[in-house]
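Notes follow the structure.
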Amino acid sequence: MSPMSPLVFGITLVLCITMIGAALMAIRAKRLPVAILAAGLVSLVASILFLVLAAPDVAMTEAAIGSGLTTFLFFFVLARIRGAGHGGANIDADNEADNKADSHD
Amino acid sequence: MSFDWMKIPYALLTVFIVFNYGLLLGALIQKIGARAGRRHGIPIWQNYIDLIKNYGQRTSITHGVMFYLGPVFRLTGGIGLLLFVPTIYGSYMFSNLSFAGDLILALYFVFFGTLGMALGAGESGHPHAAIGITRGLSQVSVAELPFALAVFAVALQYQTLSVTDIVAAQQGGMLNWTLFTNPLAVAAAMLAFLGSMMRPPFDVVIAPQEIPIGPPTEYHSAYLALMQTNRAIFPVAKMVIYMNLFFGGATSWPEFAVKVFLLYLFSAFVGVCFPRFRVEQSIRWFLIWAVPLGVLAILWV
Amino acid sequence: MVSALHIITAALAAAFLMGLLKEQQRGLAFGITLVTLAFMSWISAGWLWTFASTDTAAVEIFTAGTQPPFAINLRIGLAEAALTLLINLTGLFSALALKDTLLALGRRAMAVWLVAVMALSGIVLTRDLFNLFVFFEMTVIATAGLVLLSEHSKNDGQALAAGFKYLVVSQFISAFLLIGIIFAYHTTGTLNIDGMAAAAPLLSGSAAQAFSLAFFLIFIAIVAELKPFPANGWALDIYESAHPAFSALFSAATGAAALFAVDKLLLIGGDAWLPMATGIGIITFIAANLLALPQTNDRRLLGYSSIAQTGLILAVLGQRDILGDHTLYIAGGLLLSHAVAKAGLFWLSGLIAERGLEAWAALRGHPVLIFAFVSFICMLTGLPPFPGFYAKWELIHLLAGEGRIALLGLILLGALIEAGYLFRWFGYIMKREAPAEVVDNAAHKVVAVIAALAAAWALSLVWGELSVLQFERGNLLLALPLLFALTFLALDPLPAWLKNTLAIAGLLAWFYLTYTEYDPLRMIFAVIFLIGGSLTLLASYHAHGQRSGFYPSAMLMFAGLAMLIRATDTFDFFVAWELLTVGSYFLILRGKHSEPHALSYILFSLGGAFLILAGFALATQGAPHFDLSALADLVQPLAPWVFLLLAIGFMTKTAAIGLHIWLPGAHAEAETDVSPMVSGILLKAGLYGLIVLLLTMGRQDFYGVELINVMLWIGAITALIGNLLAIFQEDAKRLLAYSSIGQMGYAMFGLALMNHLGWLMALMFVINHYVYKSMLFLSIGGVAKRTGTREMYRMGGLITLMPLSFIATLIGIIAVSGVPPLSGFGGRWIFYNAILTAEARLPMVIIFLAGPIAFLYLFRLIYTIFLGQLKDEFRRVKEAPFWIVLPQMIYVAILLVVAVVPGLVLRHVDSYLNAFFPNGGLVWEGSTITSQFGYWNPVAIMIIVGVIFMTLFAWLLFVNRRAQKVKQFNIVFSAERPFRPETTHFAWNFFAPYRKALGFLTLPLATMFWSTVTDLLHTAGDLARRFYTGNGQTYAFHLLAFVMIVYLFGMGVRP
Amino acid sequence: MVAPISTLTTRQTTRQTHMIKRAIALLLLFAVGTLFASLLLGYVPDSELNHTARYYAERTAGDVGAANIVTAIVVTYRGLDTLGEVTVLFISAAIVGLVLAQDRLPSDAPRQPRVPVSELLSTGSRALTPLILLLGVYVFVNGHLTPGGGFQGGAIVASGMLLLLLADPLKQFSHQLISVLESLSGLLFVGIGVLGVLLAGGFLDNRLLPIGTLGELFSAGVIPVIYSLIGLKVGAEFSSMLASLSETEET
Amino acid sequence: MISLAQMAMAAGFILILIGFYGALTQRNLLRMIVAFTIADTGVNIVLVAVGHMRGRTAPILDVAVPAADAVARVIDPVPQALVLTAIVIGLGVTALMLAYALKLHARKHTLDIAKMTELKW
């Protein structure tokens, strides 16, 4: 049983903090694309974390599917909704109003 | 107590005596009432005259079968009631047909005539008849209650439903009368008695002013005569029951005459003194005053 | 035997095969789908047959050539085979019902359908926890996809929103599930369910704690799939918006699979988790039923009902610690009942064009579909002979045996609410105006319904056989009276007269077959039920045509009655009780305006029946059989409770005051020949129950209160109020109905006296009431039929036009009122003799008051109808039809005979009663009858009265020989001729002064009380459902809150 | 007077409901958090493999012949899960197709103004796609030896398709081809599984083929075959989903 | 000293909570789906972290880890296998939700979940 090396510990800590930061960003972001990208970033960082956790299979899957394909799916849908033109321009309207209300507090 | 053929002529004799006594008593009471009001009143034989006149009338009409049968029911009720109760205590002659049933039979047979009468009057199609009947039924259903309670108090007291046995239990001096052994029951019964005698203040049923004469409105001639016959017999038959239950019965005809007269006088006296109630008023009156007495009587036994 | 694995592989192969087909080959694709589903069903059926017919142990199916727990394994046993068969058949028939939609959407939809069915089978079969998760996810995704099936026809996006809400919630669920699974794996080192079940109890310390947390997450996630209250808003939206054929699958198959998954989980968790399952289940059961009450959309209502049933079964699973070996029998009975009935109802819903409950009135023209609907709702409410009945019986008994009374009460309460909305719905179908849209009669859709119907009855047969095998009870479906009644379903197309003859012959034949078995007491009831029943049925000859539905209902009631008097143990008794209740409900519902009354009848009756059930269950205390006679052996503190429950139950049937409000409407609105059946005959069933109860249990002391005295009071008040209310009725049949309430009060009073004469009087009432009430209902019914109204003030003067009816009524009222010389007097005489011996004096006062009141309404009845002024519109009215008059005349004859020789019947009863009440009997000497107080000679009375009457009549005839009949208006009316009969017929508000004086006694307190109760229930349901805002996010909140509340409560009380 | 007040209050109410919603959400999540926290605090890492894991570690090489134990579990021991997983993807793709197939845009809806694709991207993608596809195939064929396998490879294959889509947004995929690929690979997967029942130890038993030598390409029985089928199927399904979602008009 | 697994697990739990919070408070369908993907990632991290064992290597047999001493050298492979499945299923659900969102937007011209409440009570 070798003690965990400080380096690995540090990397893990940084990864975790990054993930949480990105997740918060994804939740709080004013613009949807930013949110989607932030969520993708969470996945990407998670896949590195999986490597650290000795799970290369999972890491690959997470990277390919979680951060890659999923993000693309989101963007495709976003594009189609915007393209549909039914009020697609203010797709974030509901949440923006929401956020503004918050910012006044 | 069982049947033998001699009972039939004896029973007829009872009916005859009571019929005449009833006719005279009715007239006498009416005369007393008139004198109390400083009027002259009717002659004592007036009822005989009316009766003969009505039986003798030549024209008569009918509204239908039930109309025809109404007076028959009525008089059957009166005579039957009289005969189901022994009139004179200790007398085989005047024990009538009481072997057929006990007190309950008598009490329920009261309704036989009432029901038949109501049906007959109903078929006449006269609204006043129907109105009179509804009033009568409404009032009687409550007025009978204290009486029924009193009767049961008495039956419980003597542990029998046989009229003869009840009278027997009251022999041996006035203080053995139910009047003194169970005054509450008697009080309740006497209040009920007022209600069933169709005299003021409980005479709105035959309401002489507003409605010609209540249920018998449409009756005339021989029909009315049968009813008048009943009006002589029925009250006496009822008072015989009261007498037997509460006042020691009668061992002889004079005693009978006196007790029935006093009972009749009691109702006439109250009638002269008090104004008439409307039906709902009399219902309430009985419920408030008479029924509690009856309840107490039953609980007290 | 084909391996059960191929249920999965066949579906997958077929689903994958779809991709190879061309988009246009939809017919072929549909064919493949059906064949595959049929193949899957065939595999399950084969296994089911194997397990049911032979004593085979469950078969394990290994994968990957490796033993579990290292590879996934499946298992098929009896339960698994039955459930997969249910799932696959539901899938098959739903696919049939979905034919149009599937063909329109093409092969992809069919592939999803196949996968959905397969996934549900997988949930049932798998023994691996994570594999369970995979199948669940598959179900979730397939469900979300299949919800869209209805989008095809309905373009409002509702189903889309519902599907999205479902996905949102299932995301939360799957997160919990995964976390739970991984921690459970971590602590036990296996994913195999059986392995985990073996390992879990060995854990200790922090590992046990961690495992318990993990298990909680798994458990709650799977339970959340059962749509527990309140975390179930999403499911309702699915039920409402999805295609009904899918909802059938979602309700029947998904529910069954998820329940089985919970069952497997409980295997892991052990007994400690059972209370949680019970708690969640029962709350869901009650709440969902409550919420279903205010629903107007049929599918949403069915959805609530599904959720409720699932909750009930979850609660039952939670009782496994006491149900033991019977869990399968009970939970299986409930589950299959629910699944078959709900699938059938959803399929039926697919035939109906509109979503309102009233729109189902379209079914009315289709007897088979109506029969299906009735079977389904009876199945759901657990009425005999359906499996749910057997299950409910055993469940309640086991619960009572273990003293879990609160749960027992809640289950019965929920079942009653459920019966409420289901039977209300049936009322709509039978009575509401049928919509213009006709029923979609497409064969492939009807086939599904018929299949469910067949399954329903087949299951009844199976559960009946199981009950024979396991509990040595009878198979109800094979009981001769019931079979006879059911035969009339098949005979329905025959003409009414033929069926009537058959029915009468059947009743008489049954009497002939069984009459030697009855003691004198039962003989009275047997004669009334069977001979009396056939007498009443004579009146039914008047009906023309086919009279669809009448005979099955009537004969069901008679079957119940016939079985009731032969019952010796509680089970048979209760079965008979339920049968006669249901049969009479259908009979009553046939009346033109009887919808609300029939509903309140069935609700009160079922409520009463549930009390009886609870009473029996309490009495039984876990014994497998319980003879009615053994009630006598019960002791404190149990006995008074049993007595109380049973007495209230029976008094519901006899319409004791407070529980009486169903009777007037039910009896009054029933058809002409039905009223005498339900009044004259059916009410006696309640009295019979009371007699059985009092004979065995007698006096009971309940916290110092002598219960028999309470009953005395109830009887007296019932007599008074019944009579009083009868006075004020304008409707003739209602008047008679209230009068019945009063009469039953007398009978109860007599029974409660608990002495010889009291009982004699009660039995006398039983006979008399049958005769005169049947007669009166028939004659009044005949009049109402001819005049077209039941309002008495609109009639009048009918004596000359309907003389026979008049005579029957006249004799009837004389008998009812008890005026000598007719038979009613005998009853009164015994009665007054009886109360002389009573200890309680005050109720006696009340019953005295009740007596004369009878005269009031009786006079009103005969006067306002037959006497008084004849109206112009009725001048051409004819006497009632022959077949209605005939039984009346027979009754008249009976009354006269009984009046003269009451000893004919009474003597036997009197001497029989000596066995129970040796003192105070009557003495019979010649024609004189003597009691300890008085005497009575019916023959003499009849002769005396007859002689006096005839003499006077002859005299009157003599003096009045020239009397002439005059016209109607020839009366002295304020010196004028009256203008019109309407203004001259004094009839409306007949006893106005009485109302002024005593009207306060007739305040409808009981009605107000019960309507307040129902209003409260409705309001509670209506308020509570606002909780389902329709917002998917709110539903997610509900879910989380649910999980957390269960966590706090559940984990708080755990060690 | 009334109108402004009511609008004001409406707005305030909306804001208040938002606040309340957040507060409740935080409260609930706090409770969930405590649950998680107790899981976390109760967690004791294993120091030894539990008996299931030990079985895999000991026996995989001998019984299954796959170097990558995860692959052995995914494809063989828990092959039924994987089959289910593939099925999940399959029906997801089918449903996505169904959902979007129904949703035809009105024909007069404005066509999406597309940014013209740069020359670099289109040329680059044309050159890169075969390489990416090759990489994907490599990943799933070697799934039993190295990290990666059918899913990862399938995803890589799908990203190749994605690149093509990006390069030429109006390019129409052959749905029929994808569908046939998807179906065939699925059928073969099930077929091999059933063959396992018939010829070997059970459903999805990999010993249909000899398990060969550990570490070689042609080893581990049918694992490489199955993983390749999975790769093809997953790739086809991803592609079909992407295609369904990206196409603005129905094919 | 907390272990690597515990730290990762904590991060995973926090991600789940963040994701849940987003899903509960965001009214925009797409944002809800984004939140769910975050929660999914968190779940996956937790799963893998549970299987992690200090000082061991990935469960792949090669020259460094011969089959003979695999038992002592590799970490638990089961959670990883489960996560693989979970990730793919997660993608399936996400794709499905996205398709729903797309279609709902086409129908109702909004992505606000609070405006999709025709079905209720």
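Read from first to last, the chains carry the letters A, B, C, D and E; within each, the first residue is number 1.
In this section, contacts are C-beta pairs under 8 Å (C-beta built on N, C-alpha and C of every residue); 3 or more make two chains touch, one makes a residue touch a chain.
Keep in mind that what you see is a predicted model, and the values were worked out from it rather than measured.
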State which chains count as neighbours of chain A and simultaneously of chain D. E
Using only Cα atoms to place each chain's centre, name the chain farthest from chain A. B
Tell me which has more C-beta contacts between its two chains, B-C or A-E. B-C
Calculate how many whole Å lie between the centre of chain B and the centre of chain E, each centre taken as the average of the chain's C-alpha atoms. 99
Taking the mean of the CA coordinates per chain, how far is chain C from chain E in Å? 50
How many Å are there between the centre of chain C and the centre of chain D, using C-alpha atoms for each centre? 52
Rounded to the nearest Å, the gap between Cα centres of chain D and chain E is 13
Give me the residues of chain E that touch two or more other chains. 3, 5, 10, 16, 20-21, 24-25, 27, 40, 50-52, 54, 58, 60, 78, 80, 82, 84-85, 87-89, 91-93, 95-96, 98-103, 106
In chain D, the residues touching two or more other chains are 25, 28-29, 32, 36, 39, 43, 46-47, 50, 52-53, 56, 68, 70, 78, 81, 84-85, 88, 91-92, 95, 99, 102, 105, 147, 151, 241, 245
Chain pairs in mutual contact under the definition given at the outset: A-D, A-E, B-C, C-D, C-E, D-E
Mind listing the chain C positions that touch chain B in their complex? 797, 799-800, 810, 814, 817-820, 825, 828-829, 832-833, 835-836, 841-842, 844-845, 848-849, 851-853, 855-856, 859-860, 862-863, 867-869, 928, 931, 933-937, 940-941, 944-945, 948-949, 952-953, 956, 959-960, 962-966, 968-973, 978, 984-987, 990-994, 996-998
For chain B, which residues count as touching chain C in their complex? 1-3, 55, 58-66, 68-69, 71-73, 75-76, 79-80, 83-84, 97, 99-105, 108-109, 111-112, 114-115, 118-119, 122-128, 130-131, 133-135, 137-138, 140-142, 144-145, 148-149, 152, 155-156, 159-162, 212, 217-218, 221-223, 225-226, 278-280, 283-284, 287, 291, 294-295, 298-299
Show which residues of chain D lie in contact with chain C when the two form their complex. 24-25, 28-29, 31-32, 35-36, 38-39, 42-44, 46, 50-53, 55-56, 59, 63, 76-81, 83-85, 87-88, 90-92, 94-95, 97-99, 102, 179-180, 182-184, 186-187, 189-191, 193-194, 196-197, 200-207
In the complex, go through chain A and note every residue touching chain E. 1-4, 8-9, 12-13, 15-16, 19-20, 23-24, 26-27, 32, 35-36, 39, 42-43, 46, 49-50, 52-58, 61-62, 65-66, 69-70, 73-74, 77-78, 80-81, 84, 86-88, 91-92, 94-95, 98
The answer for chain E against chain D in the complex is residues 3, 5-6, 9-10, 13, 16-17, 20-21, 24-25, 50, 52-54, 58-62, 67, 70-71, 74, 76-78, 80-82, 84-85, 87-89, 91-93, 95-96, 98-100, 102-103, 106
